[in-house]
């Protein structure tokens, strides 16, 4: 195979996603005979699956043009003068995004069958969202990354707005769009100031400029940071920029909520990693307090709000604000320390969070669809088990992914001298019991109307839930590494996360 | 010197227009005020050696987007009672602008901290169509392409939402 | 047979009997056989044989050991049985070490001999009871525990016997458990005893830790006795008093005496064996056993003596007023125990032990004959329905009179000698008050003893029907009466005063034990002794005369002798309201806190914990005000956040 | 003409836009406030690229304009949908989900 | 450092493997599997005992290298403190399986095995992080067993239980992180090995060590439970199914005191010495409070639950006395009480199912109708009341002896518990067994062969350990002596008190 072409192979996942999305657009009108919905769904599934497989394969066996970075086996390939970057982190994000899309797809299809989605757009937009996070993953400069975030956002607007069956959808999309645009403007302002300080927005030039930045310009950098962090805080739903999330999560159909809560958030965090840890690593300013404050606020506010929620979905929304707080703890630690521990911890947490919430929202969707949570154990034990696993992981119970992530992030915080933040995080974990446990108890031992029949579950949903909750356990089994037993799945994740850290901090 | 005066006037017009836009009750009024702001901004761009941007500002903004907005307002043939009856707008504006004033003070303070070195004279053709075009299509091809993707997504979403039910 | 083997026999014969009987008891409880009349079922005969054989074997071994000792030099009268370590932690090293010396042997003889007789008696008394094997099981087990108590060389092992007898007494008092009141009486006995046991424990701890710094911490009685002189007097006193608290519980001294009268709920043999002859005297034995400590702590001795005197007097007054035959004897037991402690308090250890010895015989006799009376009246215990039984009960009657006389202390019976020894001792130890109290008590004792005789035997029957059908019991019951009567009559010989031409064999026998703490009180001015003796005899005679004459008349009531005394009489009959007082002071508060106070506290705790969560939730609701659903409010909050961030940037910016 | 003046003007415009956004209830007004904020951002970009004499700022401005157009398109679609649904342009009407 | 696989490791793995099996097999078989597994566990425990040397240090050590972020090396092993608890855990597990009805589903036995396994994990690991992991995992089986197979009011019971326990253990987690970070800063790598940490934290400031000690003690005090953290206990114990309650009160509670002995006090000896009197005071309050509550309780299981609370107070008292006698007594009592409480709960459950009720007001006269059951109950109650010659006594005696070494007043107050203990136990017997037979009269036969086979060994061991406690304490003595010596160093007066004289 032509080496010239082979050097572009790393771009394949991204290209695949974009082309897949555009192809979907072409398919929308053309598929008329047969079952158009299934066709579109298969298309979306296949594209995501192949993107996932491709990125994993590329991670396992890097090809020509991917130069190793550091000794961890991390690598990077750059294109068009650094405008496009493909490295361990970007491959991980693509993998996560397409995996997330795959896992919500069955739920979305069932929802679409019930609601009056316009299927064509549905799948096209889902693909566009994944492609958007692909752009974020390999954007060589901040502005491109920002555009990627906007692509994701616009497709989510569309996805939420497409659903005409839910009364809340319109309201949700309206709030989301208005506040989202507002936040984007703020973020852009920050970017402009950053541009003013460094004269460029491309990451490597930013890095170069940051290292010998005249102190006189620090003020400008700080200003830019403040605004950009505010904008990002909106995207990841960190207090006090979180308030949209509950309403939007409630308004959107549950699988979509799951997608928002996981893929979008993770994408935004990767962008933040690129900007703060990689881009401005060198600049002699310590903005740890900024992130720490946001983290603290998110944990406190999220907990206090979540305690009073009656609707599980809103509760989950606020609880995901709390988890944003935990991730910000990791980010703060990463911003403070020069080692890769914190970044690795944060990335592992991102993976754990993604899997856990996909499982949780998936189960929630099915349960709410059919007779509520109470006594689900009698109705369908496996579903209840999956939900239980997800909840325990949210609590951070050992042998679940949640514990692994929390362990690494918290220990990173303590290691980076953010002990107070670590203690606060643990306190918030205590408080979070107050709203997770009752849910678990309802599922395990609630009384259920015997009239309700066992749950009708589409095969796809079964598979999705099994995979997500199963992966939660696999990743959680990583703790077995304490006994020197490297559990394959968890070990790979840890490695991948380590390399992601390495590419950010060469 | 002339620049300074022009700059002062244009800035004044822009700010005044902005205030007008914010405080007009009827959207059409606000839209007209916005147009004024944009034209003034175009002037400022021109003063800042960005002729192409200035022109595009007038064309795209003044033309396309505003037209779109006005068009939609007309299309919906909004009657007076459909409008948000903005009772107590004054109070809300007062409060909003006060907080926004805090923001402004913060930004201004930040801006003041920057060393204010005067501008170097721009090289010939700076900000002209050639320079910007070369930048746009060579150095910044990727963002450009991404924006095209973005616009596609926007169209898909918009159509998906706006089109009537299929059934 | 070697001494050690004999000691082993003494200890384990009763235990083996208890084990075998236990199996029989479980079997007969699981597969009940109906009983008809006062007859032993086949299984009962077997268990009766076992149950009597056990203590009998022990008694034989004990006597042979005793004669072996007599043959030896007095300094060599010691035998030890070592069964290895019990437990060892820190400096606490406790061994299964059993020891018989002169003092222990006295107790062993009493326990086994009197015990055997009572076992035999109970075979007849309990015949026809459904739970016969169970009864003998507990009785044997009690014998074993009591023997452990008196032979233990380590305080902890002694404590094992101490609690063991307590449990057996609990089980035997509540033997007829289907009657809730009887079971409750057992419960009361056990709990009150536990209060005393706590004192005993704390006493041990104090001794232990006081020796610990020197590395000589131990609970071995002999080691303690050896090192006791190292203790400062205050500590010795505290320890002595704490130990004595244990004795107060076990030996029913005021105010821990309340359980003993209720303990009469048990079958009469139990009252005779446990609550008259043996267990209740354990406290006396323990104090005597720890005599070096008490000798080292005079204040403690004084306390003991005073409390003994008080108990003796109070109990005697109460005994005068009781109308239940067994309760009279029970109160008299309390009073006699007070006597013993008075003797110990006067430093006359051997006198105290001697009174214990004689008391075992005549009080057992007293109870058993009373039991025979009750048996004859088909379980009737109320004096109000007795009387005129002298003619009916040819054996029991005289035995009853003899027991009463000995209890009253009429010469030449054993009771006279021992009581006299104590009185003399108190005088010579310069405790005139105690002496006076003792004298008064002696009078009262005589009074109620003969009041009892009169009410039971003399005069016309108060209940003709009952008297009509009264009948003498079988040989198993009368034989023990006779033998015990011999004991009550003859035991006095062992300590017959010099002045009356006797020799003090008993105190001589005990002297090697008590040698360290000089056993004064016996060798004193002979003239004084004579006078004191004469006085006491006079008082006793008067008391006896009044008691008999008042109640022998036909139609004599069991109540107050004359109306004027009615109020006082009632008070005394209620035991001076000690029971009620303790009920109000201790039991009520505990019950209240268990029913109300403690649960309420827990309620508060749980509520507080829940309140914490509620508080957080409340704060959340406060926060939720901003979550109004209005986009522009959200935007306002965001703007606030942005302002703060920008402010931070500006303030921390320039550097 | 120094660096500060245009930046201050931009800051002012941005703040006014923000103030309007938190105050108004009419959808169109809100959209226009966002447009105003974006324009302020553009001014900042232009100013700084004037200072750095780098064309990157101009390019970015053009892309931001496109972005604004995209957002406007979606926003107007939503407005149409909502108006079709609820016959109003008042944002405050849409507050069914709260707490 | 030892090999990678040793007896303790097998004892740790066996329950988990068996649990996986039991979950998949049909009900009858799964119960057999569970029983066999527990029997095997017990066998392994006996083998371990036979090879055990009476020495203070860790034995049968296995060790693995750990992944860097988790620490350096993982050590597993047993010593005088843990070995008998480990064996008792196996025995109680076997007991639990024996008394669990054959109608129980496979999942039930699987969870039972998991419960035993996690507790074994807590007992054998020497690495604080892994200790924490097992500590947390232990909660899950308890929770599930109560929630799925408990009584009607189980929901109400479990919420405070779980929440309080988790809050406590998260406090411990915070301390663990702080110590690990200190080790990371000092040694350059994460390290949670207990011995390593002991060296690391000794340099902390006094206040820091105070907070850390407080956090650890909080976590363990909840499990013990120490007054005033006991409010979750009665509901949890009374609503749990019998096999679960055997493990709950038999072993899980002991793990609280075990944690204090193993983790909290060795890491922070000065704080332990300084706080000991206050903690001992709390323990005494717990003894009395529990006893008083048991006196007033109107339900068999409630009485036993409070009695368990009171007895755990004894153990805690012995530990905090910081004397060889007290600590040794506490260690002995940890094992002894496991026997007694298991027997009591089992017998009470059997009595209740024959009576068809658990409220004491509906009991009475059982000694006449079910003499053997009654005799066994009286026997167990006497053992629980600390009757000399049965296994309750020696422990209580040593504990009180040690407590006097700490302060005579503590010993006195604790001693009142002896009186109250007798009171509530006899009062329980009085209401259940004595008095006239009630209506409706208890039904069903007296103890059958299978039941005797379960309960007789227990009673036998009570006598055995009552008369020859040396079988246990001779193993424990070297450990406890060495243990108490540590506190000599920091405060001589605490280690060998002369007993403050009144």
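For reference, chains read A, B, C, D and E in written order, and residue numbers begin at 1 within each chain.
Methods note: a contact is a pair of C-beta atoms (placed from the backbone, for glycine too) under 8 Å apart; a residue touches a chain by one contact, two chains touch by 3 or more.
Because the structure is predicted, anything quoted here is derived from the model rather than measured.
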Which chains, if any, touch chain C and chain D both?
A, B
Please give the intersection of the contact partners of chain C with those of chain E.
A
Closest chain to the centre of mass proxy, which here is the mean CA position:
E
Which whole number of Å gives the spacing of the CA centres of chain D and chain E?
66
Determine the centre-to-centre distance between chain A and chain C, using the mean Cα coordinates as centres, and give it in whole Å.
79
Intercentroid distance (Cα basis), chain D paired with chain B, Å
6
The distance between the C-alpha centres of chain B and chain E, rounded to whole Å, is 72
For chain B, give me the residues that contact two or more of the other chains.
92, 96, 99-100, 103, 107, 110-111, 113-114, 139-140, 143, 147, 150, 153-154, 157-159, 161
Overlap residues in chain C, where contacts from two or more other chains coincide:
613, 624, 627, 629, 631-632, 635-636, 639-640, 642, 646, 649-650, 653-654
By the touch rule stated above, which residues of chain A touch at least two different other chains?
143, 147, 150, 154, 157-158, 161, 173-175, 178, 182, 186, 193, 196, 219, 222-223, 246-247, 308, 434
What pairs of chains are touching here?
A-B, A-C, A-D, A-E, B-C, B-D, C-D, C-E
Under the touch definition given earlier, write down the residues of chain C that touch chain E in their complex.
26, 29-30, 85-92, 156, 159-160, 163-164, 167, 170, 174, 177-180, 183-184, 187, 190-191, 194-195, 197-198, 201-202, 204-206, 208-210, 212-213, 234-235, 238, 590-591, 593-595, 598-599, 601-602, 605-606, 609-610, 613
Applying the document's contact rule, which stretches of chain E touch chain A when the two form their complex?
64-67, 69-71, 74, 127, 129-130, 132-134, 136-137, 140, 144, 147-148, 154-155, 158-159, 162-163, 166-167, 170-171, 173-174, 177-178, 180-181, 184-185, 190
Show me the residue ranges of chain B that touch chain C in the complex, using the header's touch definition.
92, 96, 99-100, 102-103, 106-107, 109-110, 113
Given the complex with chain D, which residues does chain C contribute to the contact?
624, 627-632, 635-636, 639
Mind listing the chain D positions that touch chain B in their complex?
1-9, 11-29, 31-33, 35-36, 39, 42-43, 46-47, 49-51, 53, 55-56, 58-59, 61-63, 65-74, 76-81, 83, 87-92
